[in-house]
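Please find the structures below.
Next, two complexes with chain A in common: one pairs it with chain B, the other with chain C.
Showing the complex of A and B:
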């Protein structure tokens, strides 16, 4: 390409580049530069206060999984990030079908199901903590006690705590994710359904061979958001369980903040962040790759 | 002659007043202030200060201490060089002081007026970096009516306390209500009465590696587990109960005792104004081992890079005055370390006044430089012992290993 063509090409793209520039600048300042800083600190013993940290090589990385709280938080995050997308996807699709029906109350239903995703997750966590508290003052336990039943451990049982955290997340986010599917349902060509009906296809067959394959684009996006948000979740577990009991619901993000900020171990927390970033990138890359190929196959 | 005397007298009066007037005039501008007390609570002190220094405008920011939020904000502000002029710090302040974020307050008269016990935690290499004129003292709150109905007297030894717990447990009443965050308090109490009462400097030596958690805490953990957890007096639900919930349980009579400090009294009496509330110091294996939980309160520090150091110092001087201390004490409800000032504590806290004067109180974690890492491990570990997924031996070994790792300088 000649110099003249290059200049001409740049001139053509300049207006677009100028439009992108503010966003690029903000993204660079708020994400790219901190990311490089984090990468640098991960090789040091920076405590957030001393101006000249020492270089410690790979020490921080080697130490990540030898800390029990940290390794537990990694496995908790993985359990949560597998369960939440799976359950929400299984519920969001039928919900979208229901909301797409011609019922008179469909607009009201959409508002009701969408509502939990509007409220701050922190606030929801505190509300659900009151509902699910093992105390006799908790909503469920006070109802049980008033009906002569024994109270339950609920959030004080490590396994139940994780299950309840997942349940609350599902309650919070299913309505929002059904919107992806709802939007997708509304662009499916109705002629396909008419043709299938003429051929004698039943409701299940229409769903299996028309609706479900055509929801593939929505599913790719929804599952991507679910995976990312589940891996990065902080606010809901923090307000609902504070990561407890013990470390039963402590997520990686909470560990990073505890280790990095509360404990003045920025270097160690930076190494955790970089490893976590690598995990997220790997999972996302794999998920998008697999689901995009699925979309192409079904198209 | 008479008129010249009057003139001299007026001149003397004017000269004696001049420094303070000049000071008040010199002090102006915006004073940025980061506090973990809510502004509603703190307003009486701010109003009194502003009355004395009307040219100052206070930019008051409140971050609650719950969940480590205050510490996180302070750390972020320090690392980004954005510390406000005046802010609360909690011990240990070693890292903030060592890295030059705090102004030296040793020269202030109000700091010099404090007894050593109130400045020691904020002093490094001979310089004092925070002003904390008060100390909180905690104890075991008990429901006097429940105790009287069951002919139980205030325990004097651990055996008495366990006997009382057995009676309440049998009746279906929680002997002591704990939250997930304060489960470890019972272990600290055990450590205080059995170790600190004999060796008050024990926790300072954890930082130097001279002593270990195994040596100082294993017995306390084992006693807690066998006498409280295994007997069911401390139940599994406590591993997920919040502080407001346990105070409510206690206030409505579902628990006979709970462990806390003066800040909890208002809320409990608001929940149940009829609550007949009493307090006693925690008890040891023998009656002479009275050693309760308590510590010098959070202190006010001035940033070494303060934009308005004059106003910040003026605030500390005002706080340390008789008027300021009176207002401050009425806000915190704590015991004052400055002699010669009369003050009231909540009537419920009166029995603890003697303990405060004796100095037999401590909150051991404030002596650990690595408190930020070790204290959460301590709290979470206590929950795991209650859940049966960790043993006391495993927990103290983890704490010792972590302390050793941090002493080696692990980032």
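Showing the complex of A and C:
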């Protein structure tokens, strides 16, 4: 290629490159470079201040398993990320079916169930705190006391806190997820149902053999986002329980912030971050793999 | 077959309305409590207030400086959303319309980051932002939010690929450059995606807590969400202030939801939104 055409082709490409450049720069600075930093820090004893941290090999990674507060946060996140998607999916599908019927107030009902999705999770946590507070001014406890019963520990009960956190999460997100299914229901071929009626299929059989398999595309998206958002959750447990009582509802995100930013153990917290990334990647590949196979079967 | 209103429909309608009522109890409780005295809240928590007492709201407005933080949120959210839309659509145009080795590489390059959660990058980000002196500044937080352009980029790329090229080619023949063609011809055609992105990014950025908690916690510049958090540390035991503060803080998003409801549902139903 002669020099002239090279200059010319560069001139042709330049405006296109300028279009991508800003997004490329921002993304590189905000995602790619920090990702490498985290990876590097995770093998050091970096505290955020000392310029030349020592390499400590895999020490930080091993300490994740042996530090109780931290390993608890991982197991909490996993429990939460199993329970929340499971319960929400079991509720969102029937809710979508009901909201798809000819009820006169269906639009109002959709608006009500969807409503928590537009409110900050931090606020929702505080609002539920008024309801589930262990003090006698909380809604549940004041109702119990006024009916002559003893008040309960609720959010201060280490055994109940996680279950209550899951309950509140279900309250906040089921409406949003049933919207995915509701949208999917609109595109199922009605001829399938007619054919099934002619064959004498009952309501249960129609659900099992037509509706449920045909909801696979919505399910892929919904379950993926449920899994990822449950693993990443921060605002809601933070405002509802602050991770307590003890470490009963401390999630990985909160734990990374406490270790890395509040206690300056950047190296250690970086190892947690990398393990978290591995967990996210694993879950995504597994989930997308399994779910899209269901979709292929559909096509 | 499912177009009829049967007795079963009537029955489910009643049951589901009852569920709706139970569902809204926490919100109702928050709202009615704001008009009550502390004693009234404890003695009859679910009863309607005996009078429309606005004292609590007055005290809440005094303690939280509502309008200042409302405008902080508005500033941060609107500038971030504009950046996301502008940068995301521009990059998408190049990637969708100039398929060569470089843009293909860029597409995969952006796709990697899609998977990387903030949890994995926030520690170095905190140090980088501190080094650049961008902690506790509006521009710092807006810069961080603008990374949402990557998500926008993917929605736009799919949309542009499905668009006919005729208009753009005519514009190029007329001698218009890439930038002019993009802003005058292409960008207006992207409206459906832009609308969806504006609505959902507004909700996400307005409601963001993690980023502002880490990068903008100072009292005078903080967002509405962050200011409620700051207030909680001081007033959490005094529910007669906390409850009206929350009602006030929730109001902008409720209004936004009511105004945009049709578009929100449309955005979800179109399946164009994957987040």
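The definition used in the following text is that the second predicted complex is superposed on the first by the 271 of 299 C-alpha atoms of A that agree within 3 Å, B and C clash if a C-alpha of one lies under 4 Å from a C-alpha of the other, contacts with A are read in each partner's own complex, and residues count from 1 in each chain.
Please note the rule applied: contacts are C-beta pairs under 8 Å (C-beta built on N, C-alpha and C of every residue); 3 or more make two chains touch, one makes a residue touch a chain.
Because the structure is a prediction, the values reported are computed rather than measured.
**Student:** By the touch definition at the top of the document, which applies to A:246: first (chain B), second (chain C), both, or neither?
**Tutor:** first
**Student:** Tell me which partner A:60 touches in the superposition: chain B (first), chain C (second), both or neither.
**Tutor:** Touch partner of A:60: chain B, not chain C.
**Student:** Looking at the overlay, does A:235 come into contact with chain B only (first), chain C only (second), both, or neither?
**Tutor:** second
**Student:** Just checking: does A:137 make contact with chain B only, chain C only, both, or neither of them? Give me first, second, both or neither.
**Tutor:** both
**Student:** Which partner, once the models are overlaid, touches more of chain A's residues, chain C or chain B?
**Tutor:** C
**Student:** Now for A:50: first (chain B), second (chain C), both, or neither, which partner does it touch?
**Tutor:** The first partner, chain B, only.
**Student:** Check whether A:261 is in contact with chain B, with chain C, with both or with neither, and answer first, second, both or neither.
**Tutor:** Both partners.
**Student:** Between chain B and chain C, whom does A:158 touch in the aligned arrangement: first, second, both, or neither?
**Tutor:** first
**Student:** Which holds for A:68: it touches chain B only (first), chain C only (second), both, or neither?
**Tutor:** Once the two structures are laid over each other on A, A:68 reaches chain B alone.
**Student:** Pick out the shared contact residues on chain A: the ones touching chain B in one complex and chain C in the other.
**Tutor:** In the superposed arrangement, which is not itself an observed complex, chain A uses residues 48, 136-137, 238, 257, 261, 266 for both chain B and chain C.
**Student:** Which residues of chain B touch chain A in their complex?
**Tutor:** Result: residues 67-68, 71-72, 75-76, 78-79, 95-96, 98-99, 101, 180-181, 236-242, 245-246, 248-249, 252, 254, 370, 372-373, 376-377, 380-381, 383-384, 386-387, 389-390, 398, 405, 409-411 of chain B touch chain A.
**Student:** Could you pull out which chain A residues touch chain B in their complex?
**Tutor:** 44-51, 53-54, 56, 59-60, 63, 68-69, 129, 133-138, 151, 153-158, 161, 238, 241-247, 257-259, 261-268
**Student:** Where on chain A is chain C touching in the complex?
**Tutor:** 13, 15-20, 22-24, 26-27, 29-35, 37-38, 41, 48, 98-105, 108-115, 117-123, 126-128, 130-131, 136-137, 139, 142-143, 146, 171, 179-180, 182-183, 186, 190, 193-194, 197, 221, 225, 228, 232, 234-235, 238-239, 252-253, 256-257, 260-261, 266, 269-270, 273-274, 276-277, 280-281, 284
**Student:** Where on chain C does chain A make contact in their complex?
**Tutor:** 1-5, 9, 12-13, 16-17, 20, 23-27, 29-30, 33, 38, 41-46, 87-88, 90-91, 93-95, 97-98, 102-103, 106, 109-110, 112-113, 115-128, 143-144, 146-147, 149-150, 153, 177-179, 182, 203, 206-207, 209-210, 214, 225, 228-229, 232, 239, 242-243, 246, 249-250, 253-254, 256-257, 261, 264-265, 268-271, 274-275
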